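Two complexes, one shared chain (chain A), two partners (chain B, chain C).
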Partner chain A sequence: MYTLNLPQIFFNSIITGSIFMLAAIGLSLSYSLSRFPNFAHAEYITLGGYIGFLLFEQLNMHLYIAFTASFLVSGLLSLLSYTVLFKPLQDRGAPMVYLMVASIGLGITIRHIIQQIWGGSPLTIRAVWPRWDIGPLTISGLYLYLIATVISTSIVLHLLLASTIIGKCIRAVSDNIELASSVGVNVDNVSRFVWFVGGGLAGLSGFFMVAIANAIPLLGWRLLIPAFAVTVLGGVGSFYGALIAAYTLGFAENISVIGLTALGLPTDLKMLVFFITIVVVLLAKPEGIIASIRRGLRV
Partner chain B sequence: MRKRNSLAVSLAVFLICTVVAVVVAGIAGYYIGHDGGYRSGYNAGYNEGYGKGRDEGLVAGAQAAYREGYNTGYSTGYRHGFSNGTLNVAKALYMGLKDRILREIVQVSAPNLPSKIKVGCLMALTGELGPMGVEIAKGAQLAVALVNRLGGVAGRPVELILEDTGTDPSKALTACKKLVEVDGVKVIVGPMASGEVMAVGSYVNERKVVLVSPSATSPYITLNFPDDYVFRVVGSDTAQAKALVKLALDAGCRKIATLVMDNPYGVGIEDVVSSLIKDKIVLKVRYDPKKMDFRTELTQIKGAGVDGVIYVGYYEDGRVMFRQALELGLDNIKWFAAEGVYGEPMLVVPESAEFMYRAVLGTRPLPPLISFYDEFLEEYEAVFGAKPAAPYIEYCFDATLMLLEAIAKAGVYDGAAIKEKLMEISSSFLGASGYKAFDSVGDQLMQIYSTWKVVKDDGKYKIIDVGAITP
Partner chain C sequence: MLLRTVDLSVGYGDLKIVQNVSVEVKGGEVVSLIGPNGSGKSTLIKGIVGLAKVFSGRVLLDELDVTGLPTYKLIRMGIGYVPQRLNIFPNLSVKENLEVSGSWLDKNRMRRKIQEVMDIFPEIKHKMDCKAGLLSGGERQILALARALVAEPRVLLLDEPTASLSPMMADKIFRYIRDIAFTNDIAIMIAEQNVAKALKNSDRSYVLVSGRCVSVESSKAHLSDDQLKRIYLEFMSIKPDSL
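What follows is the complex of A and B.
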């Protein structure tokens, strides 16, 4: 009865996947280094979004300034929460569950502070982005920024992890923390660096979500579930795994929308399809996608 | 030889005689048989034809009689109804709000009423609708305060018992059970959301507790609880869905997609729309309003090659939807939107406003032509020291007053009696939110919708009404 606009659906999936990737990288890397799931990660996403809104919409600053500030502020918050809260707890020998509960508490605190400052109702960036029609495909300027961000982030992270000292240190700590510190890797510095960059990238994903949709206090919380899914599917701590998993889930989500609509079902169920994908993949490859593709080289 | 001859002759004669006899007998038999067959055939045919003719004659006669009776009855009923209605409204207008309360609620003799009249109130004071519910509850508080100030229901003070539903259907049911079983209320104002009304509907029916919702609009409420204890003082979306369909058909749309939020409000309208124009609906999309990314849903609509979209959403998702629809170039088809996206907050985002300006025509319940809103506003400002800060407060006020009047008229604090009187008084009840007559299933009888669109004036966007529809 209707024709599928495949290029557009492909493009939409890329956008969804890009947001997932930015949101998940930090979660995955900090999980592998500090060995607990950080629920406060959601709030780094939200804060980045609100900082972007503050500078770009309320103070009318340039897009690039707002963009950079989102990265820096969320990165600093992430760094701060690691040095002030999680690190001291870990030094006192707190097990994973304690750290996890602490992160949930921290997340709720930050979320309510954000709600006190900006209020609970949705806030929208009013900017009008340029738009191009290329054949069946419609592209807005905002999405080009998002794609450019993701490509440059991927290249920088790849180079960082593959060919710099700090990258090697990150991989070493992620593989075996005791061994790494015994050969002289400064675990603390490596962790701080990773928490900062991961938080900053989460902030960027929040910034783009706010530009695409609205700023709401639950913004990050809603992105956290896909972010965890990406982490699990890609393999904890694996950058390339997260990359593949983010786009796999981006496609799964958008294609499920088509399937569900064709079946006459509501599209809320796309989360379900999404998790079925994860369950199926994990049943087949319990160690995550990338580990089974490139066993041995864990990055 | 002669003897042989005579034998031959007599044989011939015999043969001829036999042939003649057989022929004669055959002919006679034919006629006799024919006659008999004819007769019996005739009889059978006659009987059958008679029976059928009589039956059809009876039906045709009955139909003609029915038609005639129907026409006469209709026109007489219409005349009576019309004059009665006019009279009712005129009477209500003449009395004024406070005078009506005094005459119909306060100065009534009802010796069988308890010494204190309890009114339950279910509102979402927390949760998603919390900010709105706190305001709407003020409508009930104001009505109770006003009646108490003027002397109470037949001299008895009224007590309002307010319970929070937390914008959650299951919590609404718990709160409703508390009101009925612990406090022993027989009348309840609320709840606000359609989902909450659905959750408590069966329970209040079973316990014969009269419930009036100020703001639940889903058609499912009528479908699930027709002719019962569930009432509402706001129009059902069945009528709004009809208005949307009429708009789309008048605009010449042949292939239509529905795009609705996945909740009783959105799906309710979708259901009615698709039952009305099943053959024209090409694609039905139900979306999660919390998701905030609708590009794939919109791409689906773009690919379906439709010339019209019937859309149901709220502000938060609506702004994103329209912005992304503009992004994807969906402003070249006609959009018809329900009242959820009517209002200034939609115009805050330029892309959403521009899209509405280019492509959207909408419906919303027409504000009442006559009402006692001014009197309500005066009271409200005197009590709360501010202007009403949410929609539906005056509806909640009316719902409460109607229940109190029904209690006064019933003379007993009993659900069945109150329900009966509520139907009765509604036909002449003019409140702060207009004329409130119920139809036979407890929905609003008077439902007129206005059509609106967005215009651009000096580079600024504005919403204006452009017509009215009576579905």
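What follows is the complex of A and C.
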């Protein structure tokens, strides 16, 4: 008889949603500013994971140092790819499909470099995280770090977007790039900032994925489809939409795993949840279901 | 002259739309660009603010050559621009629209400018926290004007500021435009389809046809110019009386 531990499923869904949120925010914001889906975003996730592994596991550095380095290195890689590759292409009038293909090429290159350095086998962080059993719920200290990171990131991003001039400029550029430029916003600087922060957050999601599971060169690629699903469901460029979509899909994934297990089907099929979400949303509400609801509610 | 173009040719990609056009405007003056659809009025303005490709010629701001500078730099140097459509950020509040336009000013200066601008446009003063996308067409146009003023422009380029507005609202916008030019000594250049209103509300006007300037006169002279009426009649199906 298959028994469901609902509190644990709920908690695990929050963890999954938190990873999705960190992975997707940068993708969603950079997509809205630069107007193309950046497939190399997967490698910012992967690199962040490996940098965390290098510093925390291989060099025995403090968790916070590894955590910060994951953010900075992935953020810098993202910034560099925007400055050296995507921005010059855009300045030459490259259409979206060229930029997309360039991002796929860049992603493959970075992935192979990572594979050359660390190899293709899974690498695991051997640290033992503190655990607590609270009733039916088992909570790892690592998960609390993750939740704390997501809560603080959400608060900082909310304050940034709602209360600071740079945040308002980000929203303005996301709304209408030509108009933003026409009112004196330095669109290039705003884009650089967003690419750096978005890449950094992707690196953090990679760091947590490696700490929870293991490091493999396809780590980011596996998170990219959920990240795209979050972006599409939440509405491109909508931080609050992405936040809600990440947790919605986090729950959907965990529930789908239960369903697949009960049916005796392989749990890898859970990826179908994301593909179906992308297809249905693009067919029904291309601007994103959650963004549409928020517009309807005027929030 | 505060702003002038010298033999400016502007277009998109390889297509030259405006050819060798020289226009000028001085502080406190309202100048209108009139001409039939597709005559290049909007393209000329976009060329001045760096949003369209300049093939040849120069843009001079206070005799300083600013041709080809990025748009945001031109705006910060004192050239304000209000596009024809999509000229507000609908997902930002009215206040945020104004703040973004003065993003490079220090906080106190920006607050002061917003207050000044609100005093000029009381219609939107009580809607500061309202999403700009919820404003009416007229209010949006007023917000776009207000937003341009926050950036402390010396020159203001307005692309079809009364497009799709009611005649009453169009009159109101023109009154604002004249007041802004007169009170703040701002040079204003308007690209306008509504020929009669543009001529009545400007000091001087340029007639563009097929990307070339075919006539420059005082607006008063243009209003009573039979040749201008003929030029228009060739390109537009309008009654001579409406000019």
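Assume the second predicted complex is superposed on the first by the 279 of 299 C-alpha atoms of A that agree within 3 Å, B and C clash if a C-alpha of one lies under 4 Å from a C-alpha of the other, contacts with A are read in each partner's own complex, and residues count from 1 in each chain.
Quick note on the criterion: contacts are C-beta pairs under 8 Å (C-beta built on N, C-alpha and C of every residue); 3 or more make two chains touch, one makes a residue touch a chain.
Small disclaimer: the values here were computed from a predicted structure and weren't measured.
**Q** Looking at chain A, does chain C or chain B touch more of its residues?
**A** Touching more residues of chain A than the other partner does is B.
**Q** Just checking: does A:V185 make contact with chain B only, chain C only, both, or neither of them? Give me first, second, both or neither.
**A** A:V185: touches chain C, not chain B.
**Q** For A:L146 in the superposed arrangement: first (chain B), second (chain C), both or neither?
**A** Neither: A:L146 stays clear of chain B and chain C.
**Q** Just checking: does A:L223 make contact with chain B only, chain C only, both, or neither of them? Give me first, second, both or neither.
**A** neither
**Q** According to the stated criteria, A:T124 is in contact with first (chain B), second (chain C), both, or neither; which is it?
**A** Only chain B; A:T124 stays clear of chain C.
**Q** Going by the contact rule set out at the top, does A:V257 touch chain B (first), chain C (second), both, or neither?
**A** first
**Q** Let me test your reading of the model: by the given contact rule, A:A66 touches which partner, first (chain B), second (chain C), both or neither?
**A** neither
**Q** Which of the two partners, first being chain B and second being chain C, lies in contact with A:K168: first, second, both, or neither?
**A** second
**Q** Would you mind listing the overlap between the chain B footprint and the chain C footprint on chain A?
**A** Shared contact residues on chain A: none.
**Q** Which chain A residues qualify as touching chain B in the complex?
**A** By the definition above, chain A touches chain B via 1-5, 8-9, 12-13, 15-16, 121-122, 124, 126, 128-129, 131, 133, 138, 140, 209, 212-214, 216, 222, 253-254, 257-258, 261, 264-268, 270.
**Q** Which residues of chain C touch chain A in the complex?
**A** 49, 51, 70-72, 75-76, 81, 83, 86-92, 96, 99-104, 131, 134, 147-148, 151
**Q** Which of the residues in chain B end up touching chain A in this complex?
**A** 262, 267, 282-288, 290-293, 295-297, 299-300, 302-305, 315-316, 319-320, 326-329, 348-351, 354
**Q** Can you tell me which positions in chain A touch chain C when the two form their complex?
**A** Contact set of chain A toward chain C: 165, 168-169, 171-172, 175-176, 178-187, 298.
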